[in-house]
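Right after this note come the structures.
After this come two complexes, each holding subunit A, first together with subunit B and then together with subunit C.
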Partner chain A sequence: MLAYALATGIVFGLYFALVGIGMNLVFGVMRIVNLAHGDFIMLGAFSAFWLLAVLHLPPPAAIVLGFVAFFLAGLPVYYALVPRLARAREPEMLSLILFFGLSQTIEALAAMLFGNSERSIPGRLLGRGPVHLLGQTMPRAWVYAAAVSLAMLGLVWLYLHRTRLGRQTRAIMAARQEAVAIGIDIHRISAIAFGIGAGLAAVAGVFAPFMLGSFTPALGIPLDLTSFAVIVIGALGNPLGTVLGGVIFGVTLMLMRAYLSSFADLLPDLVLILVLLVRPAGLLGRQVRRA
Partner chain B sequence: MTSALLEIAGLHAGYGSIRVLWGVDLAVRTGETAVLLGANGAGKTTLLKCLAGLLPARGGAIRWRGEDITRLPARVRVRRGLCHMSELGIFPDLTIAENLDLGALFVDRATARRRRAELYTLFPILAERRHAAAATLSGGQRKMLGIARALAAEPALLAMDEPSAGLSPKLVGTVIESLARCRAAGLALLIAEQNVRFLDLADTVFTLEGGRAAAALTPDAVRQDDRLRRAYFGMGM
Partner chain C sequence: MWRDLGLVVLPLLAVLAVLPAVYDNGALLLNFVVFLVLAQGLNLTYGFSGYLPFGYVGFFGAGAYGFAMSVTLAGAPPLLGVLAGGGASLLVGLLLTPLLRLQGAYFGLASLAAAEALLHLIGNPNLQPVTGGPYGVKLQAGYAPLLTYALALAILALTMLLVAWLRHARFGLRLLAARDDALAAAMAGIDIVRGRLVIWLASALAAGLIGAVFAWRTATFFPDAVFDLNFSIFAIVFTLFGGAGTLAGPVFGVLLLYGLYNAIGLSAPQYFQLAYGVLIMLLALFFPEGLAGIARRIADG
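Our next item is the complex of A and B:
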């Protein structure tokens, strides 16, 4: 039971890292908590439902389409909301309210348009038969999701460390005013980061029905909490810390499910409180930033 | 009407309800070095922020090669050759090589590569540690990196906010030496300082007092003026 909890914990942990990384990227660049992140994921789950279960597209096509469509949709959302926020007196507080409002709006619209009933997608759409991994047997869809998550996390790393745009993104994260002073176009780079955050949410959303069993328009808030716990464990504003945060969260969740199953749903809140008490900067708070 | 590279006329600026600059006049000609003297809180940093486009001017004008740039965003000013070096001057989380690449944001690839080689020759310590995070550098080395990054942008004028801040006298000497080399290569400098040693570099000196800049003085005039000496450098000078 322990070995199974650890193995599935790592698999789910990689997926949770994907769930959280978009929110963390946006926070790192814009110092804004995007509370609509979970709703982007929820919309990604609906896209997956139509693309995979209704239109029967192959999963890789659904992933790419989801990413591109949400990336493109994220750009106007950025320009409509964030530059306005930046001019406000208390942008961080205001961002919470604004994005909470956006989250509520998206959820309400989704409920009106698509209904509140639970939907699911058959796991066999991601391949039939169980997979043996880390000495355990688990559904193929889980491993599929973990592998894609790992690949997306790798791509985020490559973007941040190996491209000109990524370097400018990291410069903004490190010293915002300095970045303006040397001529970086803050809004262009931030809009792209926001678009990437939305695209990553879409990919996380494609796998949400498989990892969570089913979904409804109300999925947003619990996913926000999960994302928040994952990125606070890792380190706010440090996208790579998210991987560590995701795996710790995943393993803890699976251990809780195995040994204390009635408390498992409390986990995001418990972990958040614990980390905020013990290491408010996150586990990788300073070291990684300085290393 | 003017031969000045940079001309600031009647500049007003501040934060919230606080007014810091009350009509500053200042001009720097091509290839010339101007030192801006002022006590802490006199408004040196505010002036340089306005110049870089980091803080909006509330009145007056900033002209660059005769053109009004008062309302232009920071990145357009950098593109035209007006660069700013803050007290921090670097991105601590990025490597030295990445810092230099970011400096050359608007420079074409071939020029940037040639420029980088020159900068590594000028500052060997940066070449040695090019893949280390800038945060691992010592205070003096960071200042070198800040200067190198500013130079990578191929500026026509570099405005510097207290390049001597936090440095030992020996390192101040090194900084002045490297700036003297840039000056010899035709770079115009506007250096906000409290350190008297920077007078050695200066063609003109402006003093900033109560949010207003006094008329241009020669370095010798500053050295010989008792009141100014007392105000800026203490008695020991």
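Our next item is the complex of A and C:
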């Protein structure tokens, strides 16, 4: 039981890292907690429903389509909302309120368009039969999701460290004022980061029906809390810390499910509070953020 | 201070006190008072210390369950149960005081997580003998519409008096200074920690007491009903719409928006979620100080 909990914990942990990394990228670049992130994932889950279960597209096509569509949709959202915020008196608080409003708007629209009933997608769409991994047997869909998550996390790393745009992105994360001073176009880089964040949420959403079970338009807020917990454990603003955060979160969740199952729902909330209080900068973080 | 009382608090209370005689939907009137208290309670903490607790509903639910458990388990008379509800929310508020070390988004999300954790704990099937678990509670505290309404009005009066007092007293001005620039306020010798703690607990107490009254009146409820995130969302929207930190703003917010909410009907909650979501975004983008800010702009020309 312990070995199974650890193995599935790592598999789910990689997926949770994918769930959180888009929110973390946006926070790192814009210092905005995107509370609509969970709703982007929810919309991704609905696109998976249409693309995989209704149109019967192959899963890789659904992933690429989801990423591209959400990336493109993210750009105008950024330009409509964020530059105006930056001029406000209390940008951080207002951004929280603003994106909370966006989250409510998306959830309401999804409920009006798709209804509030629970939907699910059969796991066999990602391949039949169990897989042996880390000495354990688990559904093929889980392993598929973990592998894609790992690939996406690797692509984020490549983008940030091996491309010109990525280096500019990291410059903004490290020192915003200096980045402006040397002529980096903050809004262009930030808009791309916001689009990538939305695209990553879409990919996480495609796998949400397989990893989290049935879904409704109300999935957003719980996923926001999970994402926030994952990135706070790693380190806010440090996208790679998210991988550590995801794995710690996944393993803890599976251990709770194995030994204390009725209290497993409490986990994201408690982890979030404890980490914020005990180590507010996250396990890999350096900055301290206290009032 | 006296002007605030004469122009806002007394007229509002007088109208609310007379309304049951001419309008017979008592449950709706009580809901109005509940949201007036929640909006003013949130106004206390957000308007005066800058902390925006998305999990504000946690105190409301704690008050409801404090009432329910003291009445069912300890056999307390309902009036004592209301005090127990207030005590329960104070206790939760005390437990959460470490959260005040966090700022901005961290505080908002941590408080939301705390409210969700409380909901999962109370709704846990293992705790069914104590809390009723996911099956909720069924109270036999006695149906007392007039008494519960009067209690709710009393809680509203106390909360609004506190807001009115803070707007003019030295203590409130210190809090506002600390909200606008904590470092400068601390340099000027203001005890920020004590001030924020007091206002946080007062805000928790207001929500807990009104939660207890709500539980008394409702009698049968599930955990999701009293920990419904919509209580937080509504309180935030009403307060922001009217203008945080003012006395009349949240009142206008509740009367206009909750009035509209009820006038159009409850059949499709999505439409209101959509309207409120869009409203929140517009407020954040264009009118961060709400109606009060617009009024001030007009007054200043």
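The rule is short, and it goes like this: the second predicted complex is superposed on the first by the 286 of 291 C-alpha atoms of A that agree within 3 Å, B and C clash if a C-alpha of one lies under 4 Å from a C-alpha of the other, contacts with A are read in each partner's own complex, and residues count from 1 in each chain.
Please note the rule applied: contacts are C-beta pairs under 8 Å (C-beta built on N, C-alpha and C of every residue); 3 or more make two chains touch, one makes a residue touch a chain.
None of these values were measured; they are calculated from a predicted model.
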**Asked** Which partner does A:Met93 reach: the first (subunit B), the second (subunit C), both, or neither?
**Response** second
*A:Leu55 contacts which: subunit B (first), subunit C (second), both, neither?*
neither
Would you check which partner chain A:Leu2 touches, where first means subunit B only, second means subunit C only, and both and neither mean what they say? neither
Comparing subunit B and subunit C in the superposed model, the one touching more of subunit A is C
Which of the two partners, first being subunit B and second being subunit C, lies in contact with A:Val68: first, second, both, or neither? neither
In the superposed arrangement, does A:Leu266 touch subunit B (first), subunit C (second), both or neither? second
The shared contact residues of subunit A with subunit B and subunit C are 289-291
The residues of subunit C that touch subunit A in their complex are 50, 52, 54, 98-110, 112-114, 116-117, 120-121, 124-126, 182, 229, 233, 236, 240, 270-274, 276-281, 283-285, 288
Note: in the complex, subunit A contacts subunit C through residues 33, 81, 84-85, 88-90, 92-98, 100-109, 111-112, 221-222, 224-225, 228-229, 262-263, 265-266, 268-270, 272-273, 276-277, 280, 289-291
Listed in rising order, the residues of subunit B that touch subunit A in the complex are 52-54, 74-75, 77-79, 83-84, 86, 88-94, 98, 101-103, 105-106, 133, 135-136, 149, 153
Listed in rising order, subunit A residues that touch subunit B in their complex are 164, 167-168, 170-171, 173-175, 177-185, 289-291
